[in-house]
Amino acid sequence: MSITEILTNIKPLSRKQIAWRAAQDVVDGSYVNLGIGIPTLIANYVVPDKEVVYHSENGLLGVGPPPKPGKEALDLVNASKQLVTLRAGGSYFNTAESFAMMRGKHLTSVFMGAFQVSEHGDLANWATNDKGLMPSIGGAMDLSVGCKKVGVLMNQLTQDGQLRILKECSYPLTAKGVVKRLYTDLAVIDVTPAGLVVREKIVNLEFAVLQQLSEAKLRLADDWCELVPPEIL
Amino acid sequence: MIDKRMGSISETLQGLLQDGSTLMVGGFGDAGVPFELLHGILDAGARNLTIISNNAGTGNRGISALLNAGRVKKIICSYPRSRGAIVIDRIFKANEIELEVIPQGTPIERIRCAGAGLGGFYTPTGAGTPLAEGKEVRLINGREHLFEEPLRCDLSLLKADRADRWGNLVYSKAARNFSPIMATAAEHTLVQVREFVALGELHPESIVTPGIFVDRLVVIGEAS
Amino acid sequence: MIDKRMGSISETLQGLLQDGSTLMVGGFGDAGVPFELLHGILDAGARNLTIISNNAGTGNRGISALLNAGRVKKIICSYPRSRGAIVIDRIFKANEIELEVIPQGTPIERIRCAGAGLGGFYTPTGAGTPLAEGKEVRLINGREHLFEEPLRCDLSLLKADRADRWGNLVYSKAARNFSPIMATAAEHTLVQVREFVALGELHPESIVTPGIFVDRLVVIGEAS
Amino acid sequence: MSITEILTNIKPLSRKQIAWRAAQDVVDGSYVNLGIGIPTLIANYVVPDKEVVYHSENGLLGVGPPPKPGKEALDLVNASKQLVTLRAGGSYFNTAESFAMMRGKHLTSVFMGAFQVSEHGDLANWATNDKGLMPSIGGAMDLSVGCKKVGVLMNQLTQDGQLRILKECSYPLTAKGVVKRLYTDLAVIDVTPAGLVVREKIVNLEFAVLQQLSEAKLRLADDWCELVPPEIL
């Protein structure tokens, strides 16, 4: 089956649905950092009865939703440089203190985007092999070496159909052996000492087909279940 | 829902203290010393403790009380000598304790290093002195530096002025000293506070220790 | 009598800027960027500058203006890519600048290290990646760490919210970011502030940068 | 001449007078740390038209005089654990920040006591060779390695008549080659690359006698002058 044929039979998750799925793993009372891109959307899908303290590496704990029109404060931005608010209980601190929280394993979990992930949990998300693309690291390296739970949100394939889940990353690494869970548009995959384990996959997606979309060997968990996201506009 | 308040000193220590535990204790002189938590440790009966603190207690309370009760195997501090430091002076002279005296800037930096997830650092402090013995020496820009390792602990015992249910802390004047750094390097950080305030009452630009570093709080009121 | 206020941007820079100077520039995105001081640097005409900053400017102002005018030889930053980062993108692709991209936690810690009089440190960040090339690697508790050296500069250019004549500073919200640390590692620290207040008006427990780290201040009012 | 005979002909400075002499070297607009003991007294003798910011290593800048009775704050102590006040413009910070100021060469000058000083400016002020004396370092090592100008205040001799200015310290060192100036009860002596240079000595004290009271070789500066303190009760 070609990728085109595969994709006519299934319904991959949208960016928002991927964020929704990751949001289900956010724990009440936890300290969470959301990376630039899809991960930033996660906060929208965490149910309000979970009290979660969002960290932003530019020096904030307790990041809240975007400000109401007319209430914007230009000095109150998140790591994606979007205008945000600060919740009651939030605090400001300097970059050294912020990165101490990150490297020092004080955050509960971090969710990031990626170009590639290897079967060992190696992460590549700051540069490609295209010398014309300006490299940018930001907090990605510190977050990934320092955080207890690193989740990666990305589509299973690149826009031009290249695999992203590989035996070894071909792009420059962000950190080795740090990714714990992958949230793709097709599946939820854990990185374990025994290799990649598929915990959830979307409806009508054969495991053999999912394996075709990963260079790294996958194993289907005995207790796997279907990944059924809500409709999100 | 986050609420780090405990109902009592004993509840605050519950399940966290063991024989052989390493404790960091905030304070400089009497300012910032969590006396009530220390007396809770005494009541809890733990032995063979290692204490990391700037001083080694004066009079008969706090660290002195633990020393006097024979609960402390080792104390790491910068300045045990002090008017009124009668207990440490006696047991030091009687050779009943392992006393490690280190320059104040080094433990605070080692504690910060641990809390910040770093692997160690080089300091010029102590180079060319007896404290350099057994340490790696590195010449950096022509000057001798000593390698120092991260320093962590099981429990940090701190005193703050005000706190909210997220564990955000502000301190009173010079009672701040070691506490904001010790809060970052403990398996569990326990704080006695004078006053508990509603979430949002502490100004976000004035919070000194963000609650992420605090595990449990106990409200003491005007402490001893 | 201590009074660190200068009468103008040009007076603030007077005698301190040279061709080849290394500048640290506070800010993250636009928050905390000292645009007026940067435009003062542009007016002063210095060349072959090295800039250390989190980002590399957007639009045509601030760092972008200096880049566009060909004044910058090298830029050390963590995240040059950005919507609107047109100048750095163009000159990077045209190979007209030396761009060193490093993980954000490493420069801030290297700057702190310099300001704190330490000789270097080990960090796990960057180990096992191309950034480890040419760096000393040390296995600490079974984990690879890279050795990083202190990073200092000639001038730190910062933006604060309020200041007094001693140079005590408080910042506005997330505009704080790199500035309190950059203030400690410069030959001279120059700060543009929104508002000047009387000595004693800033609460001693809420001062973020004590004046000891500040050399000159200039009051800008509501900045661009 | 025996030391007893010497001391009948001269009038050594009192502790307060030594502090007074050091106070003359405190510069307007400077950041100064005063160690435990005699150095703490220096602030009393700095003329009020000099604006000096006093640092205390437990986390204060802008230390002021002792509080008026009834105005004491128990949490406001200096490094000697004495109750103090904070001047307008003063600030509180943690120990890591305080020692960054000290090691990082941000202070203008520091004045400390000492057991011994060598002709190379080596400082010994934290331990003796008496195993029964509990050693205590506090901030002395960090201050002495980090400060641009280290001044030492001490009597020329110990209470039992032992020399303190030596070719090499016999006590454990605090730091090597850090002392810039000595303020004793008899003289002001600079530590220079060419050795110890006497800048000032008290009235009626022969240089040859002063040399007897120092194991290290002294040189009398060409422009030496008499050290004439005011009467201080």
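List of remarks:
Each chain gets a letter, A, B, C and D, in the order it is written, and its residues are counted from 1.
In this section, contacts are C-beta pairs under 8 Å (C-beta built on N, C-alpha and C of every residue); 3 or more make two chains touch, one makes a residue touch a chain.
Predicted model only: the values in this text are computed from it and were never measured.
The greatest centre-to-centre distance from chain B, using averaged C-alpha positions, is reached by A.
Looking at B-D and C-D, the interface holding more C-beta pairs in contact is that of B-D.
Averaged Cα coordinates give chain B a centre that lies 30 Å from the centre of chain D. In whole angstrom, the spacing between the mean C-alpha positions of chain B and chain C is 33. The mean-CA centres of chain C and chain D are about 37 angstrom from one another, to the nearest whole unit. A separation of 58 Å divides the Cα centre of chain A from that of chain D. Within chain C, residues 109, 112, 116-118, 123-124, 171, 173, 176, 204-205, 208 each touch two or more of the remaining chains. For chain D, the set of residues that touch two or more other chains comprises 86, 92-93, 96, 99, 102-103, 145-146. Contact between chains, per the stated criterion, is found for A-B, A-C, B-C, B-D, C-D. Residue ranges of chain C in contact with chain B, taken from their complex: 109, 113, 116-124, 138, 140-141, 143, 145, 170-171, 173, 176, 203-206, 208. Residues of chain B touching chain D in their complex: 28-32, 54, 78-82, 85, 88-89, 92-93, 99, 101-106, 108-109, 112, 123-131, 171-181, 208.
Residues of chain C touching chain D in their complex: 1-2, 112, 114-118, 164-166, 168, 184, 199-200, 202, 204-205, 207, 210-213. Chain A contributes residues 56-60, 73-77, 81, 86, 92-96, 99, 102-103, 126, 132, 134-142, 145-146, 172-176 to its touches with chain C in the complex. Listing the residues of chain A that touch chain B in their complex gives 28-29, 31, 51, 53, 55, 61-62, 86, 88-93, 96-97, 99-107, 145-146.
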